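Same chain, two partners: chain A is paired with chain B first, then with chain C.
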Partner chain A sequence: MELDLFLRYGPALLEGFGVTVLCWIVGSLGGVVLGFILACLYRWGPAPLRWVIYAYVEVIRGTPFMIQLFLLYYGGPYMGLVLTPIQAGILSFIVYGSPYFAEIFRSGFNAIPLGQIEAARCLGIPEWRIVLRITLPQMLVPITAPLTNFFIILTKETAILATVTVPELLFQVQSMMAETFTYVEPLLALSLFYWFMVTLTARFGAWVETRVTRHLSRA
Partner chain B sequence: MSEPILTVRGLSKRFGDFEALRHIDLDVNQNEVLCLIGPSGSGKSTLLRCLNFLEAYDDGEVRLEGELIGWREGGASPRRALASGALRKQRQGIGMVFQQFNLWPHMTALGNVTEALMQVKGLSRKQAEEKAQAALEKVGLSDKAGNHPANLSGGQQQRVAIARAVAMEPRLMLFDEPTSALDPELVGEVLAAMKQMAAEGMTMVVVTHEMGFAAHVADRVAFLDGGRLVGVTPPSEIFGKEPEDPRIQRFLQTYRERNVV
Partner chain C sequence: MNFSFETIWHNLPYLLAAARWTLIISLAGMAISVIWGICICAARISSSRLLSGIAALYISFFRGVPLLVQILVFFYILPYVGLDLPAIAAAIAAVGLCSAAYSAEILRGSLQAIPAGQTEAAHALGMPPMSLWRRILVPQAIRIGLPSLINELILLVKVSSLASVVGIGELTRVAQNITGQTYRPLEIYITAAVLYFLINLVISRAGLLAEKRLKVS
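So, the complex of A and B:
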């Protein structure tokens, strides 16, 4: 084991760690926000807008993330969109994640019994308040697990960002390997890192789930 | 009997090719309890849901104290629905209780009652909670205020739903088969709460299969069949003697047969 390698490459790895977490958090949260907006527009928007959203979801879900990333980073400049690798990484994450999140939210909206919404309407509660106070808190129950799942998938997708020279962890590890001809230790350490992130995300998801399902348990 | 508070004229409702309601004329008087009875699929629930525009009726009028429900006044054709704010305002005057209770399971009993008081009436939390406590006490559930619906029996849940509607001080209460989803031993407590409301002078339209309630609490009973209003009579004329209309006879016959055995 050449553990001193890690000390030598410490700063680079730390930078890679920071970039990975940045792309993952900002990209996923951006994807969640965009996905939620898409799901709302799909539910309440006019028909033409719904078709556009439907097409967007189909296209993005139907193509590999790496191709989307390449198109954005290498094809972007042809459309006047010049991005740094990190910007391209975050933006592609948002674009890639949003349709999946939109679908999760769509199913969440559908999971709330219509009767509860009607009861609120009968009392004169405005629609947006119904969403905020009745639909959203309850839809967290069925969507927390799929949301957590997709966050986990995105954690590991950050590795693909190395292909457009985003200085994230895999990218740093690759230069480490190329310069030192050591492969096993860096890759094992990298795997350990992803496993740690995934476990942390899963734990957080489980914690949220117990909180949002509390009202369902019988005393 | 006083002035009608609710007038229904020429009400029709179609679902595709199916005519759910055909030209219904009906008045409900102030402080009156009107029960809607009839075979399943006769349009009772649809009629009730048209009264607060949960179903947009196609033709005719529903007026609460003279105000057209759901549609804009004026003879525009096709009619235009009211702006959402105006419809919400109208609905505040009409309470509704559902067969499936439709409580919000993530809120406590108290939370279910305070929600609209705060969000719609604009009461402070403290005012809303006082009012909600009073409403829950009225249905005998003041000690269950902190329970979530999952920890209440069906009868208790339905009484919370009644408290939720009544706390808004509606001018008219609609009940859509409020006891049909309950175990038989829990029906009584819900009917008792409704009887008390009736005794206090609440105007109520009740879709029900509880013939006992219709016979003893209703001022009048309306019988629907195939989307048509067959008749509106005092309960004594339906339950006291043999009704003249063969459709009502048949309907009551099946009830008697079921209840005798």
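So, the complex of A and C:
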């Protein structure tokens, strides 16, 4: 084991870590927001818009993330869309994640009994308040687990960004391997690192789950 | 910008040939995934603390590390321990072993959905454990878990694109190579995306059909 290598490459690895976390957080939060908008449009939008969203969801879910990333980064310039690697990475994360998030939100909307919404309408509560005060808080219960699940999946998808030279963690480790001809230590350390990040996310998800289901356990 | 259908037409045979490797990786990976997944699932729910612990660790590791990193580990680290696998074997092994962790969890969920009374009845009739598994538990677990397993197979088709990083000439890699020659990334990658989409469409339709056939009235 050559552990001093990690000291020498420490700054580069830290920088890679920063980029990984940046792409992950900005990309997945953007995906959640876009997914929520898509789910709302699917629920309340006109029929043609619904078909478009349906097709979008099917196509994005049916093609590999790597191909989407290549299309955006290498194909983008042909359509006048020139992006830096990090921009392309974050944008493709948003595009890739949004249909999955939209489906999770859709299932959440469907989980609320219709009777509650009808009752609220009878009481004259405005539509946006019904969503804000009745649908959303209850929706959090069934969707927290799938949301956590998908955040975890996205954590690991960040590794793919290395293929378009986003200077994230795997990219830094790969250059470290190429420069020093050590493979075992960097790759094992990298695995441990992702594992740690995933476990942390899972714990956080479990914590959120206990928070949003508090009213159920107290009753 | 002019969209060149000619480029697509010219290179379609190469892309189709490459799609065959994508299919081989995903189908071989799926076979490993289901068979090995059954073993891990059995270990996970066994009464032995040690076996169950090892299975839990296995699942946690393979679900917690990016598949891309796993493929690199298989490709670069195994030769150090004397296992010099060809790239294609390393990729199939990585994909299959990783997916087995997910399959094991899917099967565990399905097994829990089978009423315990059936197992008890089989015990009461003196059925040996092997027959219980082979004739009662596994067939039902696969039937219940089929939608999720099909889902996993579709995921496998998509993650097989990661095998391109160790130089296997599957769909993504060949698309990259052709792009390198023609400088037409848009056309080539869109064609590759369409091919992936078609493969997945066939699988999901076949899955629906199988679900219908297996349904007990």
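Note that in this section the second predicted complex is superposed on the first by the 217 of 219 C-alpha atoms of A that agree within 3 Å, B and C clash if a C-alpha of one lies under 4 Å from a C-alpha of the other, contacts with A are read in each partner's own complex, and residues count from 1 in each chain.
Basically, a residue touches a chain if its C-beta (ideal position, glycine included) is under 8 Å from a C-beta of that chain, and two chains touch if they have at least 3 such contacts.
The structure presented is a predicted model; accordingly, all values stated were derived computationally and were not measured.
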Combined model on chain A where chain B meets chain C, clash or fit: fit
First, second, both or neither for A:R133, with chain B first and chain C second: first
First (chain B), second (chain C), both or neither touched by A:G124: first
First (chain B), second (chain C), both or neither touched by A:P113: first
In the superposition, chain B vs chain C on chain A residues touched: C
Partner chain in contact with A:A178 - chain B first, chain C second, else both or neither: neither
Partner chain in contact with A:H215 - chain B first, chain C second, else both or neither: first
Distance in angstrom between the closest Cα atoms of chain C and chain B, superposition on A: 27
Interface residues, chain A side, partner chain C - complex: 59, 62-68, 70-71, 74-75, 78-80, 156-160, 162-163, 170, 177, 183-184, 187-188, 190-191, 194-195, 198-199
Residues of chain A touching chain B in the complex: 113, 115-116, 118-127, 129, 133-134, 137-138, 215-219
Footprint of chain A on chain C - complex, ascending: 1, 60-61, 63-70, 72-73, 76-77, 80, 154, 157-159, 161-162, 164-165, 172, 175-176, 179, 185-186, 189-190, 192-193, 196-197, 200-201
Chain B to chain A touching residues, read off their complex: 52, 54, 84-85, 88-89, 91-92, 94-96, 98, 100, 102-107, 115-116, 119-120, 147-148, 150-151, 161, 164-165, 168
